[in-house]
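Notes to accompany the following structure.
We call the chains A, B, C, D and E, going by the order they appear; numbering starts again at 1 in every chain.
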Amino acid sequence: MEFQLLIEQFLNGLQFGTMLFLMSAGLTLVFGVMGLINLAHGSFYMIGAFGAALFAEITGSFFIGLISSFIVAMFAGVITEILVIRKLYKKDHLDQVLATFALILIFSEGIRWLFGAYPLYLNIPAELNASVSLPLEIIYSKYRLLIIAIGILIAFFLYILTSKTLLGIRIKAGQNDRGMISVLGVNIKTLYTIVFALGAALAGLSGALIGAIQSVEVGMGEPVLILAFVVIIIGGIGSIKGAFVGALLVGVTDTLGRFLLPELFKLFFDNADANLIGSSIASMSIYILMAIVLIFKPSGLFGERSA
Amino acid sequence: MMKKPVLKIDKLSKSFGAIKANDNLNLNLFKNEIHALIGPNGSGKSTLVKQISGFLKQDSGQIYLEEIDISNYSAEHRSRMGIARSFQISSVINSFKVIDNLRLSLMGRDGGYLNLFSNIYRNKDYSDEAFDLLRIVDLTNKANDLVSTLSHGDKRKLEISLALSMNPKLLLFDEPMAGLDKTSSQLMIDLFKKLKVKAPILLIEHDMESVFALADRISVLDYGSLIASGNEKEIKSNAKVQEVYLGDEN
Amino acid sequence: MMSEKKLNFLILIFLFLVPLFSILLNDIYITTLFSKIVILAIAGIGLNLILGYGGMVSFGHAAFFGLGGYITGILAFHFNNYEPIQILVFEFEGTNQLLFVWIFSLIFSSLLALFIGYFSLRTTGVYFIMITLAFAQMLYYFSISWPTYGGEDGLSLSLRNQIPFLNTMDPITFFYICYVWLIIAIIFVKFILNSPLGISLKASKENDDRVRSVGINPKKVKLISFIISGAITGLAGSLYADLNRFVSPTILSWQMSGEIMILVILGGMFRLYGPILGAFFYIILEQFLGGITENWQFWLGLIILLEVLYAKAGIMSFLIKDKYDEKTSS
Amino acid sequence: MNTLLKIDRLSAWYGDTRVLNEVEIEIKEGEIVALLGRNGMGKTTTLHSVCGIIEKVSGKIFFKNNLISNLPSFEISKLGIGLVPEGRRIFSNLTVEENLIVASRKGYWDLNKIKKIFPRLSERLTQMSNSLSGGEQQMLSIARTLMTNPKMLIFDEATEGLSPNIRNEIWTIISEIKKKEVSIILVDKYLNKIKQIADKLYILDRGENAWNGKPSLLTDQIVKKYLSV
Amino acid sequence: HKKIKVGMITTLSGGGSGLGIDVRDGFLLAVKGDKHFEVIVKDDQRKPDIAVQIADKMIQSDKVDVLTGIIWSNLAMAVVPAAVKQGKFYLSPNAGPSKLAGKGCHKNYFNVAWQNDNLHEAAGGYGNAAGYKNSFILAPNYPAGKDALTGYKRFFKGKIEKELYTKLGQKDYAAEIAQIRSSKADSIFFFLPGGMGISFMKQLSQSGINLPVIGPAFSFDQGILKAVGDAALGVKNTSQWSKDLDNKANKKFVQDFQKEYGRLPSLYASQGYDTGKLLISALNVADVKDQDKFRSALKNANFESTRGSFKFDTNQHPIQDIYVREVIKEGKILTNKIISTGLKNRSNAYVKDCPLK
């Protein structure tokens, strides 16, 4: 095994990590900061991707597609918040689970109704469809570098938004005691609509960005949803820093696990068995990681221990 | 010949980061005694109660209940041994009826909570005993109310009755009078006077009127250390206590 | 509007009569469908013990459901193969006797629940949700990539497992077997809810500190309840495998966990019979809508959504008049 | 002096139980009014109704001649009503400093003044507020409301759990606030102190007005009948 | 003739529903206007337990004569053995798990599509023809994935540089692509159905790796090509059917399908169509209630298949040609063109295990 490849795989892990962060960015706001269990988050991811595919096809411009993904998902977010989510803050966490599960059904089937059952086309523009050479003879896709950059940018933006602005403090206060924060004169209702819509919009944007290198199809949101939850939990709820670190950790564990575990098992088993066992364990690796983190740090790596 | 203390606290310390909440504290509690613990906000009184009851682990030092070193026992173990406490902020089961709170504690006291097959709601002994306890705090008429609909004062009373239900050897009351009206405060004062015969009381309270009416002995904490201990007169006349705690009241 | 007791009674009577309706309507499938409803209800009752009454939101109950199913499948597989099961140096014969199958399912799902619960209960709240999910996902991926028992293809039982003197392949007989288990589960959980363990569980849902200060160890209470819950759900999984004569990793997936959870919430938490109504409503709606439109999931979502937004506490609360807050004590 | 707050035949319910019955209260600008009554007589409910957080009420409430009984609570607050709630209700997932600035509005009270009157808090600005001692949390709750610079302050048992010297500090603050033409509604159990600083007393009994008048008119009989044994 | 009642269990909602919809549409097109047919279609949601329950319903309640429609191997494994045991015919329009071809074959089970390995074997065969010496091969870590790689290896004579199993449902292949880049492989074979394949192809083309790629038709079929986009241009894939197959039945099928549904037919649609036509041919000879006669009529497969010649082997799986297609552009639409025949008259590797004669 060459050293070069190991480095490249490590970079791939980091890259996958930033991608995961991008996917979970919106969820960090809605779930981590607002404390709303939103299973339908993946639906906004999907809506964004479909929005992008649609508008990119109509206008022929990938960038217009990207912008539309943000706007379309934000719009869907506002409507959803006002019609549904708003009625849930007061209710049990579990009612949130049920209602947002229902939203998944509605959104997925709704989209399939509108767009049909086959995946849509969304591809990156030619100017980004190229590789650049990095030091150490590593060749890397331009577009992935762009994703990394956007991921870091959003992380930074969210970090500032939630920990350095009044807005962030107010959302957290609202999560703790909605009645009290409004008695103190904060219009928490509108604030929550805005934040929810922002979360949805970020989900939509990442759906478009990632859909362009993966596939734009109904149901694309659910695996992402679970992954994003894993990331946020490992990092610790409410912490953007945690989500970022968690995402990188999951990315690296997953990528290196897929790559190294089969090799590792070759020391003990013959080739075929090692391949099988190695890749089986690799597919469990992020869940093993999550369980271990939680066993030793029951509120995630950067989570606050609040009752 | 010294009397043996029911509770003995030996060089107890607890810090939170740079804050020394309890600093090498020594304190004891004898039979038939109400020992009041006062001191400025944040001087470490609740922290002490939490350590005695086992909700917080001390950094160093020992706690003895009737000469048994309980410093490393779990909270629930200490409760079963007879250390009963009330919380500074009422801590009762809001989703239960008043009487079921008592059923819970009576059952907890007697152990056997892993029993799956006896019906606790039909246990007549517990019902009777629960009503006796409610009578003591004058809450029988609310026995079947949901705790979440009780007023603040009534919750406090319930909490006291829960402490009593544990057959306590020792009562730790953290501001039991807070939020009580005059009538109820008076009720508590009378009650505590009767109770101390059964089990000595460590009382934390900021309402000086009640403290002076009740305490046989008063200790004053400041920044986690004991700065004075004595009877009402001694405490009132202590200049340091005046300065850090009492102010110009009285 | 009626009292909860009366409604519960009606539910049991109705279920009892299902095979009769089935015969009258000359459609035996109704019975099979209700076997599924009853089985999911048992799983839901298991989950509801810790979810509704204990406040422990397990998003990993598919692990128990699936384990129960796989135990059933594996025992039957080895029975049919005449190959003994090897665990380390021990060898076991497979079996197709339901009584044994059930005992094994109960034992193994309890053990699994002990393991998962022990670690998961170190966390609380949303972290608990996710760590239970994590354990279930590990099992899921394991089952997919472990070839011995079919991997993703799953495992077919050629016949249902047997019980002396009964023909389990007969839909009506099988339905009544499930029905008896439902009754057992209900009685068992009802006992627990009124027992010292039950009251401790309900109390520790709200306030661990209070529970500890009356001398009860809330961790122990929760762990034991978790084990019981896992065992009940595991048994349901075992029945499910026999119902379908088939097991596959899907019953270990997070969607399965979600489905069990959803029918519990849908029916009404804090109510013993809630999961039965939840399962009934969910399955019947799925059948009914699936029959009239290809986009039935859309309508199902819409109906569930309206239910959450406008019913206070599940379907049960639509049908009965006593106040829902009074539920925690009996 | 102008009327600042007028409560007109206020009734309130929790579910189907009525806990207030046609309560009437009036407060003038710069006045301190105390609301008295035994536990559970409806003091908190009255105050919460003013702040717009009781779901089911009837009657009218005017503040600065605006009808506020149908406004959402944040708008009531913006008009200048500040509540120090019973039971503190600090935001336990925020630090002390964040609690202070979360809803602050410009005016006389700012972080510096708060630090001065509550030195204990100033030592703990970055501490998580749920790790504060009970009294410290109470100070934080008071300070948090002061930071909104209200025109009318409501103290619902705001001295609960405070040590005697801090309690005195609060009384002093209240007197000072009054000088700035801020009105205050007080609920507290230290009757002697209340009689000294309040301009007017209202006694509630079982959710109804039982007595009101100047402190000097409060006789032992009335105290005995409505407030103690 | 008496009527025939067909129960179709297929995936109509959620992920992968495109395949089910095509099979259904193909089948319904074939039997359109035929008054003997009563067809009940039910959505299995791609869940095996649901599929089992639908099968129970169709057998117990609707009393169907024939079952068909299942797309996925794992669902087929759940439904087929029990269904045929209860005396129903099952005609598979897609899934062809090896277990049902070998020891587990059954007189009432017919596979009208292929045995799972077929397309992969043809890919291996093509690899030889194209002169590949060293292939990098990958598939998801589940039984069908393992079968796929086994199928390729069965026919490919070159070296296997590396065999990779990926996570089922995985969408990011940066790590795998890095390994491909650093390997000495001269060709890539992959089996990644659905969204997985779309993602892989897009990412592979973005990586700038220029190795020839071969795979089964699943990732390059009509429904999916549009989503893969130009990344697929030039890729070789193996299939027993193609839109441009030059025979009468196929021409009619393609034309009718486009007319009826307004889109180009897919591989799956052709399989559904053939299944329908096969049933009609059997029904012309025998009443479905006369099981033995009907079975032998099915076995004769006396119908005009869209793929030209079509025969059943003794294990009742097709003997057919597997073609190699290349992805091309027709105007603005991506589609496939046959470039050669990968395997001629290919049956499958499991015939000898099947006791049927």
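Operating definition for what follows: a residue touches a chain if its C-beta (ideal position, glycine included) is under 8 Å from a C-beta of that chain, and two chains touch if they have at least 3 such contacts.
Bear in mind that the values here come from a model prediction, so they are computed numbers and not experimental data.
Participant: For chain B and chain E, which third chains touch each of them?
Facilitator: Common neighbours, chain B/chain E: C.
Participant: Quick one: chain A and chain D, Cα centre-to-centre, how many Å?
Facilitator: Centre-to-centre distance between chain A and chain D: 44 Å.
Participant: If you average the CA atoms of chain A and of chain C, how many Å lie between those two points?
Facilitator: Measuring from centre to centre gives 31 Å for this pair.
Participant: Go ahead and note the Å separation of the Cα centroids belonging to chain D and chain E.
Facilitator: Taking the average C-alpha coordinate of chain D and of chain E, the gap between them is 74 Å.
Participant: With chain centres defined as C-alpha means, what is the inter-centre distance between chain C and chain E in Å?
Facilitator: The computed centroid separation for chain C versus chain E comes out at 36 Å.
Participant: Where in chain C do residues touch two or more of the other chains?
Facilitator: 141, 144-145, 147, 295-297
Participant: For chain A, what residues touch not just one other chain but two or more?
Facilitator: Touching at least two other chains: 108-109, 112, 276, 279-280, 283.
Participant: Tell me, which residues of chain E touch at least two other chains?
Facilitator: 13-14, 141, 146, 165, 167-168
Participant: Between which chains is there touch?
Facilitator: A-C, A-D, A-E, B-C, B-D, C-E
Participant: Tell me, which parts of chain B touch chain D in their complex?
Facilitator: Answer in residue numbers: 16, 38-43, 45-47, 88-89, 149-154, 175, 178-186, 206, 208, 244-249.
Participant: Could you list, by residue number, the parts of chain D that touch chain B in their complex?
Facilitator: It comes out as residues 14, 37-40, 44, 86-88, 120, 131-136, 138-139, 157, 160-169, 189, 191, 227-229.
Participant: In their complex, what parts of chain E are in touch with chain A?
Facilitator: So the residues of chain E in touch with chain A come to 13-15, 17-18, 21, 141, 146, 163-169, 171-172, 174-176, 178-179, 181-182, 194-195, 198-199, 202-203, 205-208, 223-224, 226-231.
Participant: What does chain C use to touch chain E in their complex?
Facilitator: Touch list, chain C to chain E: 27-30, 32-33, 36, 141, 144-145, 147, 150-154, 156, 158, 171, 240, 244-246, 248, 250-251, 290, 294-297.
Participant: Can you name the residues of chain C that touch chain B in the complex?
Facilitator: 191-192, 194-200, 202-203, 205-207, 209-217, 220-221, 224, 325-326, 328-330
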